[in-house]
Amino acid sequence: MSEIVLADLPEDVQADVARTRQVVSDLHAELPRWGVVVWTAGNVSQRVRCAEQIGQDLLVIKPSGVRYDQLGPEKMVVCTLDGTKIVDGTSDKLSPSSDTAAHAYVYAHMPEVGGVVHTHSSYATAWAALRRPIPCVLTMMADEFGGEIPVGPFALIGDDSIGRGIVETLRNSNSPAVLMANHGPFTIGGDAEAAVKAAVMCEEVARTIHLAYQAGTPVPLDPEAVTRLNDRYQHVYGQH
Amino acid sequence: MSEIVLADLPEDVQADVARTRQVVSDLHAELPRWGVVVWTAGNVSQRVRCAEQIGQDLLVIKPSGVRYDQLGPEKMVVCTLDGTKIVDGTSDKLSPSSDTAAHAYVYAHMPEVGGVVHTHSSYATAWAALRRPIPCVLTMMADEFGGEIPVGPFALIGDDSIGRGIVETLRNSNSPAVLMANHGPFTIGGDAEAAVKAAVMCEEVARTIHLAYQAGTPVPLDPEAVTRLNDRYQHVYGQH
Amino acid sequence: MSEIVLADLPEDVQADVARTRQVVSDLHAELPRWGVVVWTAGNVSQRVRCAEQIGQDLLVIKPSGVRYDQLGPEKMVVCTLDGTKIVDGTSDKLSPSSDTAAHAYVYAHMPEVGGVVHTHSSYATAWAALRRPIPCVLTMMADEFGGEIPVGPFALIGDDSIGRGIVETLRNSNSPAVLMANHGPFTIGGDAEAAVKAAVMCEEVARTIHLAYQAGTPVPLDPEAVTRLNDRYQHVYGQH
Amino acid sequence: MSEIVLADLPEDVQADVARTRQVVSDLHAELPRWGVVVWTAGNVSQRVRCAEQIGQDLLVIKPSGVRYDQLGPEKMVVCTLDGTKIVDGTSDKLSPSSDTAAHAYVYAHMPEVGGVVHTHSSYATAWAALRRPIPCVLTMMADEFGGEIPVGPFALIGDDSIGRGIVETLRNSNSPAVLMANHGPFTIGGDAEAAVKAAVMCEEVARTIHLAYQAGTPVPLDPEAVTRLNDRYQHVYGQH
C-alpha cells in the first residue's frame, strides 16, 4: 500500500480527522483525572469512519511515550487499520502508541466499535494478574457491563495476538471491558468517550468488588436482574 | 397534571429555583473533589419549598449522564415531587438523573428532608455489596451518624422500590445515610450541602472502618457515649 | 476574666496575631492537599507567644464547620489558653473549632509546643479504632517519630479529658503524634507547620505499615538504630 | 579540594548546570502529582556531564526540607560527586538533600547513570519493610523492570553504606529500582526523567501486585517472556 498523505484526502475526511484528533487529545486528560493511569501508561483511540470516501477507515491514537500534560491535537497520530502511520503534517516525527496494533485489530474486526482504551489501572490489573473475571455483584456493574468482566488470554506484544485475544473474548460477552491476562484492561465503545467511560467504570467496580471480597463474600445478583438493569441502562440512561 | 412552566410561577418561587440551581450545580463539584464519584456516577438534589405558593414543592437535580466539569446552574433540571420535569427554559432538552424517582420519593415522604445525594463511593459500596451495616466504632461516626449506617433492601430501578427502601430504612435509624444492597449509599440532610457532607463522611467512615477490620477487631463504642456525642454534635458543632 | 479585645492589645502583639492568622489559614490548605482530611474534619492551631506583653499566650485556630476552600486569615479565631474567644473584629460571629479545648489544654500544659493539629486521617484512625500503637519499622518513622506512635485514652469531648489524654501520652513518648482511641491523631510541633508535617507523616507511616502487615510481618528496627536516626534527623535535616 | 565557584566554571558548563537545575526543579512536581511523596519526603537529582571540561562531573539535587511548591531552579543545589556543595550564587544558604551522599555514591560508581530518585512511596515501602522483592507478574513490569524489583540491605544514613547497598544490588539486576530494607525505593535512569518514571512505575507495580496477593496468587510470567518484553520495550517504546 502506498503512503497516505492527509493533505491529499477529501476535505470532509480532513475535517473529520481534525475533529477526532481534538476529541482524542482531550480525552487523554480524563485518564489521569480519574486515576486510571500513571506517567504514560495508557492510551485512547477513535475510529474515523471514512471508508465510503477513501476505501478504508482510519484511527487516531496517542503518540508513544509522550506525557499526558504534553499532548495536543497536533501530536495525535493517524493510522490505517493495519496500523500504518499516515503523513499528517504535524506528528510526523512521532511514533504511534506501542499498543496501536491491538487497537487497529479491534477496529478491523469489530465494525461497530468506534473507540478503544487501554490502561493498567491498579485494581483491574490486579484481577488480570490473577486471571480472575470480576463477578457482577453491583447494580452499577450490571448497568455498564451487563455481567462479569471477562479475562482474555496471555498474549505478547509484537504480532496480532493481543488484538485477537481482545476480539475473541469480547465477542462472547456483554462487557465492553476485557482484562488481558497479566497485562491489564482494554475497553471498547461506540466512540472514544464511551470507551474511556468503560475504562473508568472498570477500575471503579474492580476496586469496589476487590474491597468487598477482602471483607467477606458479596451477595451475587440474580441474572435476570442483571439483564433488566443492563437493558434499561443501555437504552434509557443519559441524554437521547 | 398539566405541564408546569417556570416562567409562569410567582417571582419569589422563580428566584428560589434560580438560587437552588446554583447551589446544586456548585455542590456537584464537591463529589469528585472528595473522591466519592467517578465519571457521572453520582447526583445531588435539593428541595424548593414552595408548597405555600404553588401547592407543591419542587426539586432541582443533575441532568442524566452529563460530566461534572460540564455542569452549570442552567443545566440543572427542575421536577415535581412525582418526578415530572417542568419546563424551565434552559435545560429543556436534558433528561433528569435516572435516580430522580428515588430522590422524589424521599422528598414526598420525608417532609423534613431538604437535600438528597446518591453515590457509588468505593468503600461504602463494598459494605453495600456485603449487605453489612457499618458498625459505629469512631467518635466522628457517632457525631455524624448517631450509630451504625444501616443497609436497605435490594431494589431495582424503574418503580418506587428504591425510594421506599430508603425511606423505610432511614425512618428506623439516626443515620442520614443508608447503604442500598448491592447498589450504594443514599444520604439525606436539611439541605443539599448537609446531604453532600453525609455522603463524604459516609465514605470516610466506610474506608476507615474497613481498614480497621482488615487488621483486627475495633473496640466498639459504648451506646451511651454514641448518644452523647451525637446530641452534642447535632446541636453544638459548626456556626449557629 | 474580662473580655479581651484585639484592638486594645500592644501593637507588636496585634502584628503577631495577624501573622499567625495568615500562617494558620494557609496551612489548612495542606490538609486536603495531602489527603488527611475530608470536608471540615480537621484543624490546625498555633500559639502566639505574648505572655511577656499581656500576661498570657493566645492561640489561633480554625472556625468550626467552615470548609477549607472558604477559609482566610480574617476568619481564623483567636482564643486564650483556657479556650475563651477574644474579640478580634473580623471573626466575631464565628465559633472556634469544637476541638479548641483540646488544643488549648496542650498549649497550657506543654510550654514547648507552638502548634497543634487534629485530623481523622483514614489509616491513622484505623489504628486508633484498634487502640493499637503503630510500631516503628521504617527509617522515616524513626526520623520523624523516634519510635512507635502511641495510643491515648478513650475520652469524650466536652471537658478537658481529651487534652489531658494527649498531654499524658505525649509526655511519655518521643513521638509528636498520639492516636486518641476510637477518635484519631493529634500532633504537636514547635510551630503549626511542624505539627502539620507530623500529621501528614503520621498518616503516611500508618498507611505504609498497615499495608506491610496485610502482607506479612515487617522486620522491626533495632532500638539503637531508631535513636541514632531520630537524633540525626532532629538536628541535621532541613535548613538550619 | 578547594571550593568550586559556579561563576568561575567554563560558560558551557554554567549553561549545562542552569539547564539541569530547571529540569530537576520541574521534575520534582511530578512526585506529588503521581502520589509517590508526601510533604518533603522524596528527591530527584541529575548528573551534569562536565568531566572533560573541569575534571569531574557535578550533580544537581533538591535542597533539604523545602516543600515541593516552594522549589524553583535557583534553589536547586549543585554538588560534586563526593557530595560537597559548590558555590552557585543563589542556593548558597540552602543545604542539599540529606540523601545527597547516596545519590553521589551512585553517580561516582555507575558512570552510565544520569539520574537518581528516592521516595518513600507507600506500597513500595511496604514491600521494603517486609524485605520482600516484588515478583514480576505483569507485562508492564517486564517492560520497565526486566524482572523482579530487588531488596537492598538495611543501611543507616551518615556514611556511604546506603550508596553502596544501592550500587551492589542494582549491578546484579535488570531493574532500575531497588527497595532499600525498611527504608524505601531508589531508582536510576539515563537522566532524571527516566529515574522519575521508574519511581512512579515502581509504586504502580508495587500497588497492583500487593492488591493481587491480597486476593490470591498471581500467575508468574515465563522468564523468556520477561526477557522478550524487556528487550522490546527498552529498544522500541517511546520516541527515537
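As written, the chain order gives the labels A, B, C and D, with residue 1 at the start of each chain.
The rule we apply is simple: a contact is a pair of C-beta atoms (placed from the backbone, for glycine too) under 8 Å apart; a residue touches a chain by one contact, two chains touch by 3 or more.
These are the chains along with the protein names UniProt gives them: A, B, C, D = L-ribulose-5-phosphate 4-epimerase.
The model shown is predicted, which means the values in this text are computed figures rather than measured ones.
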TODO: Please identify each chain that touches chain B as well as chain C.
DONE: none
TODO: Look at both sides of the chain A and chain D contact and report whether the same residue positions are involved, with over half shared, or different ones.
DONE: different
- [ ] Just give me the whole-number Å value for how far the CA centre of chain B lies from that of chain D.
- [x] 46
Open item on the list: Taking the mean of the C-alpha atoms as each chain's centre, how many Å separate chain A from chain B?
Closed with: 32
Task: Touching two or more other chains - residues of chain C - done: 214
Task: Touching chain combinations (by label order) - done: A-B, A-D, B-C, C-D
Task: Sites on chain C touched by chain D in the complex - done: 34, 137-140, 197, 200-201, 203-204, 207-209, 211-212, 214-219, 221, 225, 228-229, 232-233, 236-240
Task: Residue ranges of chain A in contact with chain D within the complex - done: 38-39, 41, 63-66, 93-95, 98, 120, 122-123, 125-127, 129-132, 154, 156-158, 181-184, 210, 213-214
